[in-house]
Amino acid sequence: MIVVLKPHTPTGGIDRVIREIERLGYKPHPVCGDIQTIVAAIGDETTHGSLETLTAWPEVESVMRVQKRYKLVTREGDRPDTTITVRGQKIGAGQPLCLMAGPCSVESETQLMTTAEAVKKAGATILRGGAFKPRTSPYEFQGLGEKGLKLLSKARDEFGLSIITELLSEADTDLVAEHADILQIGARNSQNFQLLIRAAKTGKPVLLKRGLSMRIEEWLLAAEYLLASGNPNVFLCERGIRTFETYTRNTLDLSAVAIAKKETHLPVIVDPSQGCGRADLVIEMCKGAIAMGADGLLVEVHPNPSQAWSDGQQQLDVSLFNELVRVISPFTQAAGRPQTT
Amino acid sequence: MIVVLKPHTPTGGIDRVIREIERLGYKPHPVCGDIQTIVAAIGDETTHGSLETLTAWPEVESVMRVQKRYKLVTREGDRPDTTITVRGQKIGAGQPLCLMAGPCSVESETQLMTTAEAVKKAGATILRGGAFKPRTSPYEFQGLGEKGLKLLSKARDEFGLSIITELLSEADTDLVAEHADILQIGARNSQNFQLLIRAAKTGKPVLLKRGLSMRIEEWLLAAEYLLASGNPNVFLCERGIRTFETYTRNTLDLSAVAIAKKETHLPVIVDPSQGCGRADLVIEMCKGAIAMGADGLLVEVHPNPSQAWSDGQQQLDVSLFNELVRVISPFTQAAGRPQTT
Amino acid sequence: MIVVLKPHTPTGGIDRVIREIERLGYKPHPVCGDIQTIVAAIGDETTHGSLETLTAWPEVESVMRVQKRYKLVTREGDRPDTTITVRGQKIGAGQPLCLMAGPCSVESETQLMTTAEAVKKAGATILRGGAFKPRTSPYEFQGLGEKGLKLLSKARDEFGLSIITELLSEADTDLVAEHADILQIGARNSQNFQLLIRAAKTGKPVLLKRGLSMRIEEWLLAAEYLLASGNPNVFLCERGIRTFETYTRNTLDLSAVAIAKKETHLPVIVDPSQGCGRADLVIEMCKGAIAMGADGLLVEVHPNPSQAWSDGQQQLDVSLFNELVRVISPFTQAAGRPQTT
Amino acid sequence: MIVVLKPHTPTGGIDRVIREIERLGYKPHPVCGDIQTIVAAIGDETTHGSLETLTAWPEVESVMRVQKRYKLVTREGDRPDTTITVRGQKIGAGQPLCLMAGPCSVESETQLMTTAEAVKKAGATILRGGAFKPRTSPYEFQGLGEKGLKLLSKARDEFGLSIITELLSEADTDLVAEHADILQIGARNSQNFQLLIRAAKTGKPVLLKRGLSMRIEEWLLAAEYLLASGNPNVFLCERGIRTFETYTRNTLDLSAVAIAKKETHLPVIVDPSQGCGRADLVIEMCKGAIAMGADGLLVEVHPNPSQAWSDGQQQLDVSLFNELVRVISPFTQAAGRPQTT
């Protein structure tokens, strides 16, 4: 770490800071400029106590980290890309683009099976569907719960699709893990570390959505919680961040795809439906996501979006989803990730 | 709700939308302009299905809500201000400013008791201290857990202070409620609705921090979850939002205090320590908070901030806390909220 | 517009609002719900005085716009895509991707000519280079001024490249227009309306960068100033918005490309260099931009970025620019916008 | 500056970076950690070329500034607070709170004189009023121009109020300076450096509004442009920043007041009208601003806000302004800044 002292700090003050840096287990290297002294503190920042508390000292202007804070998710040390196998399908770098699709919420057997059949036919291999729904208002539909999970399992049996569904509550972990092939952690729970740890320990692959105002470093550190809990099978999922823009529900940050691929060895999925909150932009967002290097897409599809029980405005109907699969094809080719048909 | 149709939508399309509005249980009132038609849909938006799904219709440009989405936290209907009684102390509108103070994390018996004695002497009535700590990195100190809770209970017995501490995990709810007088829900869990419901059901007062990128409406709807779960004793706590600014850790949004007081009947607390993340700004922030109408302050105090195990840079030492209490006094007077001494 | 009255507004208050709406030239249509009355006000919102002032009335809760505020940039009314011809080259929908490239600042004849030759050879048709530089600090290099402009003219003569350069000051308008083929309005001046009007009146095509915190509607309204001043040849340029993220200098908002193409008939250019502020991400950003429908790219290229006088960290060297042109080729093909070689 | 090298950079690469740092005029001090080497570069960062270009080097992970970039606005070096005298009235630290009030736009002689008389009577000493208005849409009222300026001059003559009005265009500088006692630079022009320089050179005091998404450092550097152009009489004005919140038009960042007072010697003014965009919050915002240390307030007042030609929703009527002056009185007392009556 670098400890920057205030301009014109007297020698006594500099010494005091240096001794404290030593006391905290770092090796201090002071460098005196004309105006300011800085002290480079050598030591492993991930194991020692943080020097950031020194910011509270009267002599100290600021403390800057040097080392990256994540150790397991980093690409450093030439780690190979992680490929995650879900019911026989390999997902990750070098693999064909993975299509995850399905309704925002599981609403009924008919709704789910219709959708499952359609997305399977269009080329999706993983079925999404929320059984437990986090809703901004307590008066909105909260999901079918266990009944929804059972319908998802049924759809898997019937159509051979893998299942991804959201885990909302620590208390439901075993139940959800029993029915899901991938556990989804939603944006609102992206720093609910207890839930992350519980999810990781099921051994199931976990898809970690980026929180609404999560810096990329924080997102990767949340993923670090999953890996540090013994689960290497983590998908990062960009789903839009909160900005000042009001045209879209969120601002889909496609640069995060390139950055996550550059910084980590984990597969990256893009959720364009949450990402923009408008069905009429989803297809364009998918093209961009593929070009930026996404390993998969998570798309909301509903047989009749205008009658959906949640987020109808962002769900594609079956014919639009078919169009999506068609028009992204040149881009998956260009990206060297063609889907096998 | 207001459904805005696209310019020049033909009559057939307008009729189709009107019929769907009826089907969803609303009474449609179309108003035809020269360019665009809008349909006002009469009905209770909090009980019917949402018309927002209509946004997915080709005829529809946008759907606007009219009614507010919160029913219990609102001041509408001339509800009186909520006063919350914590171990005999009344907190809320018309009451003296409530001072909650203590260390970021409980670290040891000596650290906690020293702080408790000091903040009590300075005028605080509630002791804060984290036993379970949500940390961005898995490699940071995660709190003493149950041991920390027991130390908090001991401090209450010894100094007659009430205890506020954070609840992080559904699984710990009973344990934390056993030791705490107020359950704190942190910013990262502000939309962890399962945790909110569990916390509410303990019957203990709950302090709900605003999430880093929570709109005020979302914050009030999260509070609505608490009230809808049967717990009327909810403190709203502003603790800084995430913006583009880097000088401070967060941007303390003091306007949120005035807005929350105007929109709701709940007491509002300000956390200036998290809010700016710099000890050298805390006192000024407290003055502003009081002037804006805050009912209480939640301040981090540590006997030796530069050696704190977490967030040392934002904790006041005892002498600064004493100064804080002294210099805010004219402002509590000005606000008509003098502390009894 | 829609005027939403407060719940339980008495009849007298409703009447008062209705009369004011009439006085302001709108035709009021009140719709009374059980709790709230809304008044739809029919009239052309772009010519009448705004009803937003009604928000100041005690009876009024909010005022919502219905109509879009831009009339000339909109795609509504089936306007065809605008194609802009710059020294014989057509740019816009259906045309090959347009490559604009060159140094952040013009520094010297050698630097500029070397770059011009290299980017021309790689396939660029337009040379960028700042002669007047807006710099955050007054102590940073402010550009070569007129000398820089003359070097740009010389490069045009020598290499047959068109020139785009930034206009910073009303006072320099004629001078810059004399040397430039496209006038660039930078992000900091995107709502400097006097400069926009001056730029428009030169008759030269204008490239309007999106401001750091400009909503898309505001960006399009700034473009509307240009068209309303009689200049139809406007490029919209996305160059990153300001968010909470710190990994990149700005967050390149590629969704804005799709939205601008959907809402307007104007060509859209993406500046990935400013957009992320890191050379190592530029190529990926370009792929995404092309997939999202960009009509052109504006890329910073410098013969020796590490010795650039401004923004070296985001400029590509010549070999990276050559690589860029090579690797985007499959994506321009996929987007149906192949460059002719 | 601190140059952080990538982990495991070989000696040759380290040497190459060190030589470049020397070449750029800094004295390099390498400090080798187990994993990473950092190089502290000693030299005056405000005069040398920036090392930030080194970020483009393959060996370099990041470059961190140590020194502050502003030299004239800083409080460092124990500079005394700047007090600005406007037509005999001293404004700044230690002086009574300065009240600037008046309409958003000058609309007519009657409107302006009525307001001027009322705000004078209530205790304001400076009259605000826009003659040139920057408007998001070209179809909105753009101000009376020179006619408005003459009305302001007339109000000064009649009521003995000083005049503050916005300068929008370099071309109007002399004209506006002829009529104004303080030149206001609006948020949209806060980084229009050419306009800043022109304004500074008039010799009139300048009030610099913070831009919508300006970091505090950038705001202070924009002020640095004014001081570096020879004008020491600069007011900083916080007027709300752009965030994700939609309840208010902007988020008034009162913490910026405390920070600007701490970092600089300049007086700080708060504009609560723009800051929240809602008349019903202005009074509370003023209380907060005073408590945070503001030296003055800039408040929009209109004789009939609901019929204002711009921004009626945020303007106070005369009776509310009188109430404002009354209710802030205890807070100006508490802040030691009582207005003389």
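Letters A, B, C and D mark the chains as written, and numbering starts fresh at 1 in each.
Here, contacts are C-beta pairs under 8 Å (C-beta built on N, C-alpha and C of every residue); 3 or more make two chains touch, one makes a residue touch a chain.
As the structure is a computational prediction, the values presented were derived from the model and not from experiment.
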item: Shortest walk length in steps over touching chains, chain A through to chain C; value: 1
item: Distance-maximising chain from chain C - centres being C-alpha averages; value: B
item: Whole-Å gap between the CA centroids of chain A and chain B; value: 26
item: Computed distance of Cα centres, chain D from chain B, in Å; value: 30
item: Chain centre separation in whole Å, for chain C relative to chain B (CA means); value: 38
item: Where chain A touches two or more other chains, by residue; value: 213, 242-244, 246
item: Residues on chain D engaged by chain C in the complex (per definition of touch); value: 20, 46-47, 49-50, 52-57, 63, 69-71, 134-140, 168-171, 188-189, 191-195, 212-213, 218, 221, 224-225, 228-229, 242, 278-279, 305-309, 311-315
item: Residues on chain A engaged by chain C in the complex (per definition of touch); value: 213, 215-217, 241, 243-248, 251-255, 257-259, 262, 275-276, 280-281, 284-285, 287-293, 330-331, 333-335
item: Complex interface listing, chain A residues touching chain D; value: 2, 4, 7, 29, 31-36, 38, 40, 42-44, 64, 66-67, 76, 213, 242-244, 246
